[in-house]
Amino acid sequence: MISSSTIPLFMAIPLGGAFLCALLGKRVKSAADGIGIMAVVGVFMLSIFSVITLQATDGGRLTTAIGNWQAPYGIQLVLDSFTSFMLVTVNLIAFLVMIYSISYMTRYTDKWKFHTLFLLMLAGMNGVVITGDLFNLFVFLEVASIASYALVAFGTGKNELEAAFKYAVMGSMGSLLILLGIGFLYSYTSTLNMADMAERLQLLGDSRITLTAMVMFLMGFGLKAAMVPFHAWLPDAHPSAPAPISAMLSGVLIKALGIYAICRLLFNVFGMAPQVSSLLMVFAAVSMAVGAVLALKQWDMKRLLAYSSISQVGYILLGIGIGTPLALLGALFHLFNHAVFKSLLFLDSGAVEYATGTRDLRKMGGLSSRLPITSGSTLIASASVAGIPPFAGFWSKLIIILAAVQAGYWFYAAWAVVISVITLAYVMKITRYGFLGRIKKQLEVIVEVPAFMRIALVALALICLLGGLLLLPGVREGFLGQASDVLSRGVVTLSEVVR
Amino acid sequence: MNAYLPYVMCIVLFCLGVYAVLAKRNIIKILIGLCIAEYAVNLFLILVAYRVGGRSPIFSSTDVILPDVMVDPLPQALVLTAIVIGLATTAFLVAIAMRLHDRFGTYDITKIRELRG
Amino acid sequence: MIELYIILGMMIVGAVIAIEVKRLLPAVITVGSVGMALALSFLLLKAPDIALTQLVVEIMAVVILIRATLNKDVSSEYYDYRLLGGLIGIAFLVLATLAAMSAFRDLPAFGNPVMGVSWFYPLNAVGGSGATNVVTSIILDFRAYDTLGEATVLFTAVIGVLAVMRPRGRKTAEEEAGAGDE
Amino acid sequence: MSREHSPGMSVIVKMVTRLTAWVILLYGIYIVLNGHLTPGGGFAGGVIIALAFVHSVLAFGKDEASKIATKAGASMVEALGAILFIAIALLGLSWGGFFVNFLPKGTPFDLVSAGTIPLSNIAISLKVGAGLFSIFLTVTILMKSEEKK
């Protein structure tokens, strides 16, 4: 189904969709919706096929050289299991969010601009994930970032603009740090292809340049992933965006731009060094605690969820920091689960806002009687965040904690358990104040959200319920196992990639 | 140390930009800081590419230029991309800044935070 | 290379002035002049393509920035610092300079690039792509995919500016034809 | 509207602009077309072309200038440039891959040489020029609406 020459399509389909949206969307009313759905369905199908194709490919890797200029001279696109795992995650969420936003975005003016920017963001994320070239990664990271800045400000209200400005300034700072890191690495290794760079770095040995570049990448990509010292933009930006975009930002953008890039560089280019992994674990532990504790204090539902994202990203980073195959499996599984349940929760908060006009938990209450589907899916997602068995979130957290114990990091294991208790507390806050109890007088007139939004909510809730099945033997090896293998196998050199 | 002096000056420029972004209250000053930091990064890449006594990476029809005396052309291509990306970011940020002024009537970021409530 | 050092020094001085001057219009014009000095230094560093692009891009950026400062609170008479941010900024400045100074010793010395990969481009520019300008041959042939991304960035910025500049973001209740209460 | 009350700058500026805008435009086109031979190319040339229009908008005022260059026209040209560039990339697929330089290379130093590179340069210059010009127009229009308030 997928051959190596079709790899550029992952980026080209959403990009072409965006151009078409910009051309036709203004003139033909419903064109934007149609083009958006078609483009997203197209890439989603392709990414499913890519997983299947990679099972049958020996070496587990497909590559293509753009313009027939072989790596390291030209740009090389690499599709391996980790890439296709990310592609499935990103495009699954994008597909469901796109369905949701058909109804939701009717509240906003100029829908075609939303669709164009959404598709550009998707093209940027897919472009980051499929590339094998460091500078190309930076370019597509900028595409996705600028689209996301604009989408945060899409409501053009006071809060939106302020949040978008903060996000854009910090994000640009992060991008500049990444570019500076690329400059350092280029000057040292004199190549941009990641596999070639890995090979040359091994020959050159450790040096202060590698360390400096690594620190810059940690700061830059950590900023995109909202790791704790650099998280300040997230609690403003994610709640201010329209709900589908909050779901995309929290669900996949911070992972595709931040965590994916960190993983790829640390494991496959630099090779994980013990100092870096312990640094990463410290950052992760702080992220988990700060996010969870601050989430407890919030009354704004979306803001609470945004802080929760910081905390959950901490879990993923903890798994990556531990670095054993089991921990990586857990981290990637948690990444997938977090993408599903956090986007579901954000979509739910959007549905609540759509129905009631408020995000303040104090003004809600008893919504389960009026919004059965929204509240049902919220309960499922909350249970998954809190790590209640048998929901998917339980299994991934369990794996991370087990891996910490196995690797001898007793402190971090205990820490993760403590934080998951706090997680349970803030999740209870949403369900207790928002959905359970007696309904308020003025909320009795509300009705359930339109059909498109319900479809997306139900589908995501089903994935939350059934996500644990990905761990079954036979399924696990094909999807998660292979993806984490790419990381745990360590540095990938050019000779392996080209063969 | 002299061999690295341009790099050091470049990093000083970058830090000045970062300082302005972190320390200034006026939005336009923050944008200026970003511009300066971006200049520094572009400059760094071009400094990396320079070769003592090198020629520009352009062949001439009247003059024989051997490929091995040219400066490194690859970072120049990267910087070309980076400059345009920087312009796009700056233009977008200016648009947001003007909308902020439209809504809040000031460029002072702390006042904007207070007004936002 | 003394002229390079002079220009770099002038850029640093210009940057300090641009950051510290009280009024916004002079600040923007000064940053423009820093950009022009940057273009000049690119020319000295044998990068005429970049110098040209930097020059015209700088003009564009300054025009847009000046539009943003016209008729606005031009003089920033209030206390123009965020204390915490300022301290972090100074700390960053000192630390980064020190760290960079130690890291630079591992870099190849200024003026001696390694060119591990990029020897390929001058050798193959004329034969491979037919362009005599090696930089153009890289951005439009060897690494054209980057250029597609770059054009996309600009396109994104255009759509983003259009989206941000919409007079109203949300529809009013009437426009929405009675779907909920906004 | 009589000449004295027309928006924009003074008559001297307008007279000079009538000449210089064309010169700048011509220079931009030169830079674009010679991008594969001399310094410059699609980006620099595109920005210069955009600056020629910006120059005339600044001198004549928005209303006068919108007779020749509108936002709708700009977005049209931008889309045209994008589609041309994508088409060049996709046409390469039939010669073996995305972005393959499929046209004959010609003799070096000729204006028509280097295969698809001059075409890509033109596509990019259209895209960059129109894109930047529409950013400029959007930013300017907000200014006008603000002043009215």
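Residue numbering begins at 1 within each chain, and the chains themselves are lettered A, B, C and D in the order written.
Everything that follows uses one rule, which is that contacts are C-beta pairs under 8 Å (C-beta built on N, C-alpha and C of every residue); 3 or more make two chains touch, one makes a residue touch a chain.
Quick caveat: nothing in here was measured; it's all calculated off a predicted structure.
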Of A-B and A-D, pair with higher C-beta contact tally: A-B
Whole-Å gap separating chain A and chain D, where each centre is the average of the chain's CA atoms: 37
Chain A and chain C: spacing of chain centres that average the CA atoms, whole Å: 28
Distance between the centres, which are taken as Cα means, of chain C and chain B, whole angstrom: 3
Multi-chain contact residues (two or more partners), chain D: 38-39, 41, 43, 47, 75, 82, 86, 98-99, 101, 108-109, 128, 132, 135, 138-139, 142-143, 146
Of all residues in chain A, the ones touching two or more other chains: 8, 15, 19, 22, 66-67, 135, 139, 142, 146, 149-150, 153, 156-157, 161, 164, 187, 192
Chain C, residues touching no fewer than two other chains: 48-49, 53, 57, 60, 64, 67-68, 100, 105, 107, 113, 115, 117-118, 121, 126, 132-133, 135, 139, 141, 143-150, 153-157, 160-162, 164-165, 167
Chain contact graph, described as a line, ring, star, complete graph or other shape: complete
Chain B to chain C touching residues, read off their complex: 3-26, 28-29, 31-33, 35-36, 39, 42-43, 46-52, 54-61, 67-68, 70-74, 76-81, 83-92, 94-99, 101, 106-110
Residue ranges of chain B touching chain D (in the complex, touch as defined): 56, 58-59, 61, 80, 83-84, 87, 91, 94-95, 98-99, 102
Touching residues (chain side chain D, partner chain B) in the complex: 38-39, 41, 43, 47, 108-109, 128, 132, 135, 138-139, 142-143, 146
Chain A residues touching chain C - in the complex, by the definition given at the top: 8, 15, 18-19, 22, 66-67, 69, 72-75, 106-110, 113-114, 116-117, 120, 123-124, 127, 135-136, 139-140, 142-143, 146-147, 149-151, 153-157, 160-161, 164, 184, 187-193, 196, 200, 207-209, 211-212, 354-355, 357
Complex interface listing, chain D residues touching chain C: 31, 35-44, 47-48, 50-51, 54, 58, 75, 78, 81-82, 85-86, 89, 98-99, 101, 105-106, 108-109, 113-117, 120-121, 124, 127-128, 131-132, 134-136, 138-143, 145-147
